[in-house]
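We just call them A, B, C and D in the order they show up, numbering each chain from 1.
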C-alpha cells in the first residue's frame, strides 16, 4: 500500500484553482504531489515547484517534456496521474500528451474548447484504456449526491420542474489587471462563452447529475452587460428535459453582490429538493403533506455508502475543499482499483462532452430567432 | 371627519380573498363595511351579511340592484366605494356597474378577463372621473416600496438583471372539491391562464413597480403538468426591459412544498436588492464593495414618507394583511382627498391593462415558435 | 348578534400600545370602539377620541367618571369591556374602577405594580364575577400555541432544558425625550424593574405557558449598564422548573442592534422545539433521529382547533398584530359566551400574579448573595 | 526549505479527533506525518500507522519509547513536534515526555486533568524553551479572528453583554458502546466534568479570546440529566468579566436535535457581533443606527493579515477542517520561525490553564450555595 503520486500541469504562483486542487489532493493523506509543470516560464515554474517542496529535477517547464521524463522514471517513482489546471485552451493538448504517455488524467473543467475537441479527447481516452476525470467539484458535495440518490430512488416522483442558478458578481465592473478575469473574458483562452462556459456549465452538470436525465432542448438569451467585452457575462436559459420536466438555468457574473451562489431546486410530483452551495451542509426536502425537512450532512442515514463522503460529524461544517477532495478520492479509488461508493457520481469525458455541447448550443440558441434548439451530441 | 363607507361584491361564506379585504379595510379603523352583495344566492348572501353585522336592508343578492339602491340612499348613508372580490369573470361587469352608479372601485386583480375588456374599463374609468384601484397587495409591503424608492433614486445604478419568481405548490396534485382551485383552473371563470393569470401577473406587477420601467418583450414556455387541466399550471418567461435589463419571470403552482414564495432580485450596476414575500420584513442590499445589509421594516430612515406604511416598531413582524391594508389606506386617501406617501405606488387601471397584456402575450408567446414577442398595448 | 363594544383607558395620541390594541380589536370586525379616556389632559383626550371617530359625549378625561357614565347608559349602548393601555402604575386603579362598575377588563401587562397589588386585583376579579384578561400578545401566535399543544401531548418527552431570551437594543444609549423610554425607566411609573418588568416578564410568561409548568426557583443577575439609570436594563436568570427542567432566561434592552428578539428553545428527552418572534411563522421541531422539521403556521394539522388562530393560508405571513388580535378574539369569546379553541391559552389574573412574583423575586435574588430563591406565591 | 515533520500520540483506528488533526496538518502541504504511537495495543498501533503509509520502524506502541527513539534519530529525519490526540488523562504525561525529549507539543484540549496538572505543565513548557500549542479549533475560524480584531479595535465600544452557548444533543440518550461517549462520561478518563470540560471550555475560550479580557467571577448550575451518569451533561453559567461586561455561558450535550451549535454574541456600547459555528462564513455586525451587516469570510478587507486564514474566495464555504488547519499553520509558523498574522490568536499553556481553572471553578460553584465565585489562578 502506497500513496498515489500526482503530477500537475498549470497552477503556478498566483493561480487560484491549482492551489485548490493541491489542497483537495492532500486532504486525505493518500495522494502526494511528486512533480509539476507549473508555468511555461522556467523561473516561475521553478519557484512554484520549490514552494511545494518538490525536488528540482521533478519541476518542468514544458508539459510534453514532463510526460516523457516521468514516463522514463522507474515505476516506483513516476507519477500515477496528472492534474490539469491550466486555462481552458490548454486542457486538450495536455490531456492528449498525458494519455499518450500512459498517465491517467484528472482535468479541470471544461474538458476542452469545443465539441469537436471533446470528441477527439473522447476517442483518445477510449483508445488509451486510462481513466479520465473532470473536476465538477460541486457534485462532490455529500448532499448533492444524496439529492441524486433520492431522485433516483423515486422519492420525488416524476420530475416536473427544475430551477438551477449560478450567480456571481465579481465581473460586474471593470476588472482590469485581475488575472482570473483576464483569461475568462478572452475568447482565445476561454472559448466562445464566459459566464455560460465558466459557471453555467457547472449548473448544467449539477442539474443533469442530480436528475439522472438529460436536457433535450433549450432556448437561450445571453447578454454582455459590461461594455467592451466580447463574451457573455450573463444569461438565462429555458430548459426541457427528456423526461418531460421543464425549467430554467441562470448564470451571471454581473449579479453584483453575489459570491458563488449556485443553487438547485428540483420539483417532482410528490416532493421537492433544494440545495445551495453557499450553505452546502443542508438539503431541503419539501412536500405538500409534511413540514419541510432540513437534511444535514453528517446524517446517519445508514447503508447508502454516501457517508464516506463526509469526514466529520454533523455540525462540523465541511465545504468546497472537502467536496473537491471527494472528487479526488473517487478518482483515486478508480485508478487505484478500489471500490467507490456506488451512488457517487464522478464526471468523466461523457460529461465533458455534454458540457461542451451545452455551451455551443446555448451560444447558438442565443443568436437565433428560433425558440427551441435540441441539445444533442451526434 | 367620518369613516369611509365600503360596499362589497363577492366574498361570501368560505371565500378566501373577501375576508382578507375586510380585515385589510378594518385594520386601521377608518373604513367601515356598510353593505354587500356577497353571493348571487340570496340565502347565502343574507347569511354572509348578517355574519358581518350588516342590517338586512343593506344585504343584496344582485349587484346591479345594489348599485341602484345605494345610489338612492342619502349621502350620509350610502357607500363611498365598492370592493370587488368575485371570481375574475365578474370583475368587469361589476366595475362598470359601480362606476356607472357613481361609486369608486377597488377591485381584486386581474382587472378583467382580457385586454379588450381592460380597455373598455379604462375608458369607463376615464369617463367617470372616479377612482379605480387594483389590489396587487404585494406592492403594499413597506419594503417593496422602499426597494422601489431606492431604484428610483439611482442607488443601484442602471438595472441589468431581474429575477422574479412566484412558486406555489398547492395545485401539484388533484384538488377536486377545492373551491379556490375549481374556478382558477376553469377558463370560463379564470380566463386564458391559470398560473400566469393568478400569480405570474403579481410577479410581473412587482417587477415593473419596483423597476419603474416596463417589460418590452418576452419569450415564454408555459406548461400544464397535471393531467386533465386545460390551463397552464407552471411557466417560465425570459424578460427584456425597455431600459436594457434582462431577466426571468417564473410562476408555478405545481412547485410542490412551496407556499407563497414570491421573490424579487434586482441587480444594477452598483448594487442589488433582494426581497422575499415570505420574510417580508427584511430587504437585502448587496454590493461588491460592502457587506450585505439587511434593511428591516420599521427602519427609521427619515423623511421618505414610507414610514407611514409601517404600524409597529422594528422587530414586530407585519405581514400580508398589513400590506393589503396599506393598499386600502392609499386608496382611501385618494378618494378621501387626503395625501398619500409620495413614493408609494398604487396599482390602477393602467397597471390592470399591463397585467392583461402580460397574460395574453405570455400565452401567445408560449404557443409560438418565434422567440421574442413584444409586450405592447396599442 | 352584535359587535362587542370596547372602551379604552390610555392610548392617546403618540402612544404605542394603545394603537396596537385598537388594530387588534378591529381586525376581525366583531369589536367596535365606542368610548375612551385617552388622556388625563382634556384637550388631548378629546383630540384623540375624535381622531378615532368617537362622538364627543363618549370621550372622557377621568376614567372614574367614564365608568360611571358608561354604567349609566342603556345596555344597548354602553361598553361591554374596557381595555387598559396606560403606563403600569395606572393598571390597578383603572381595573378596580372598571370591575366595580361592572365591566370586564382586558389589561396590558404587567397586571399591577407589585405582588401585593396583584393579590388585591385577584380578589376584586373573583368578587366581581367578571372576566379579566391580560395581554401577553406573544402567546397569541398560532405557533406558540402549537408548541404548547405538542409539549402537553408529550411529543418532547419530559422537559429537561429551557432557554428563553428577549433581546432589545433600543435602550442602549441615552434616550432622553423618548416618551416610551421615559416611563419605563422611571420607578414611580414602571415599578421596581425595567428590563425584567417590561420584557423579561413576557419571556417568563412564554416559557411557563408553553411548558405548562412553573418555575420553582431562580438565581438572578440584573445590571444597569447605562449610567444614570435607577432600574435594570439587562439581566440573566438561571431557572429551575417544578418538573425538573433547568434553563436560562435572558432579558436585555441594551443589546444594541437587536429589535424584538424573543426566542424560546425547549429541549425534552425525545425532541426539541424552537420559536423566534421575529420569524413567527416557523416553528422548529428537532430530534436526534430525524431531520429538523420546519412547521409553518397555516399548517393543515387537522382537528386541533388551533387553525382558527390563523387568518390566511400558509405563506401569507401573519405577525404581531394578528397575534394580538388572537388575544382579543379569545377574550371576546370568553365574555361573549362563545367557545374558544380548547388548546389556546389566554393569560388572566393568575398569570398576572405569577408575573409580578417573577419580577419581585428576580429583583430580590439579584440583590442577594444566596444562589437560589424560590418563586412562590403565598 | 522543507516540510515540518509531525509525530502523533493517540488517534488510532476509529478515533475521531486524530483523523481531524491529520487532515488539518495535511491540508496546506507543508507538514508531513512521519511517526506515531496510535495505540497502546501494538497490533492496533501498527495497523493504524500502516494505514497512514508510515514505515514500520516509525510506528510505536509506547509513547515514551517513541520520544527516545525519535530523539535518537538524525536531525534530518526526526520529528519536529508531536500532536497529542489521546483521551484527556493522557495529555499531561505525553506532553511532559515530549518536552523532556526536546519536542514541541501541539495538544488537543483540555491541556490536562486539573489546574494542578496544568501548572506542572506550564513550568515544564517554560523550562523547556519549546513551543506548546493547544487546539481550540474554533478560534481558528477567520471570522472569529475578525471578530476579535474588531473588538480590540474598539468598533463595539466597551463590551457590556456576552452570550456564548454550545449546544449538542448527542448525549441525550443512552449511548452505550459509543467510544466517544464512553470516555467523556468517565471521570477517570475525562476529568471532573463532561459537558463543561468537553465543550463548555471551548465556549469559554472563544469568549475570552474574542473579548481579549477575562472572566472575573461566575455562578454555575450544572446538571446530570441522563440517569446513571456521574458527570454533568448540561449546565448554565452566569459570567462577569473584568471589564464590567456580564453574560451567560451555556453548554449542553443533552440538547436533543442540536449538532454542534457553538454561538457567540457580544454586545458593546456601539455595536454588536454575532457568530455561529454551524454557519461559520458569516459574521453579523449590528448596531442601532445601521442595518445589520453580514460580513463574509473571504472579505477583501485589506491589510489586516487575517486574509491569510482564508484559502478560497468568498462564496466557497470553508469549515471546521480549514479552521483546524489554521491552528496548525500558526503553530507551524511559530516553531518554524515564520511570522504569523499579528492579529491571530493561538491558544497556549496560559489558555490551557485558564480552561482548567474554568472547569474547576464551575464545578465548585455549581455545588455551592454561594452565588459568585472568582475565577482566579493563584
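Keep this in mind: a residue touches a chain if its C-beta (ideal position, glycine included) is under 8 Å from a C-beta of that chain, and two chains touch if they have at least 3 such contacts.
What you see is a predicted model, and the numbers here were worked out from it, not measured in a lab.
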Chains in simultaneous contact with subunit B and subunit C: A, D
Selected pair, greater C-beta contact count between A-C and A-D: A-D
Furthest chain, CA centroid comparison against subunit D: B
Inter-chain centre distance, subunit A versus subunit C - centres from mean C-alpha coordinates, in Å: 55
Distance from the mean Cα position of subunit B to that of subunit A, given in whole angstrom: 43
Centre-to-centre distance between subunit D and subunit A (centres being mean Cα positions), rounded to whole Å: 35
In subunit D, residues with contacts to at least two other chains: 170, 258, 285, 292, 296
Partner subunit D, residues of subunit A touching it in the complex: 1-3, 16, 19-20, 22-23, 26-30, 33, 50-53, 168, 170, 258-261, 277-281, 296, 298, 311-322
List of subunit D residues in touch with subunit B within their complex: 285, 290-296, 299
Residues of subunit A that touch subunit B when the two form their complex: 160-161, 163, 165, 169-170, 172-173, 219, 221, 223, 225, 234, 236, 238, 240, 246-248, 250, 252, 254-258, 265, 267-272, 285-288, 292, 368-372
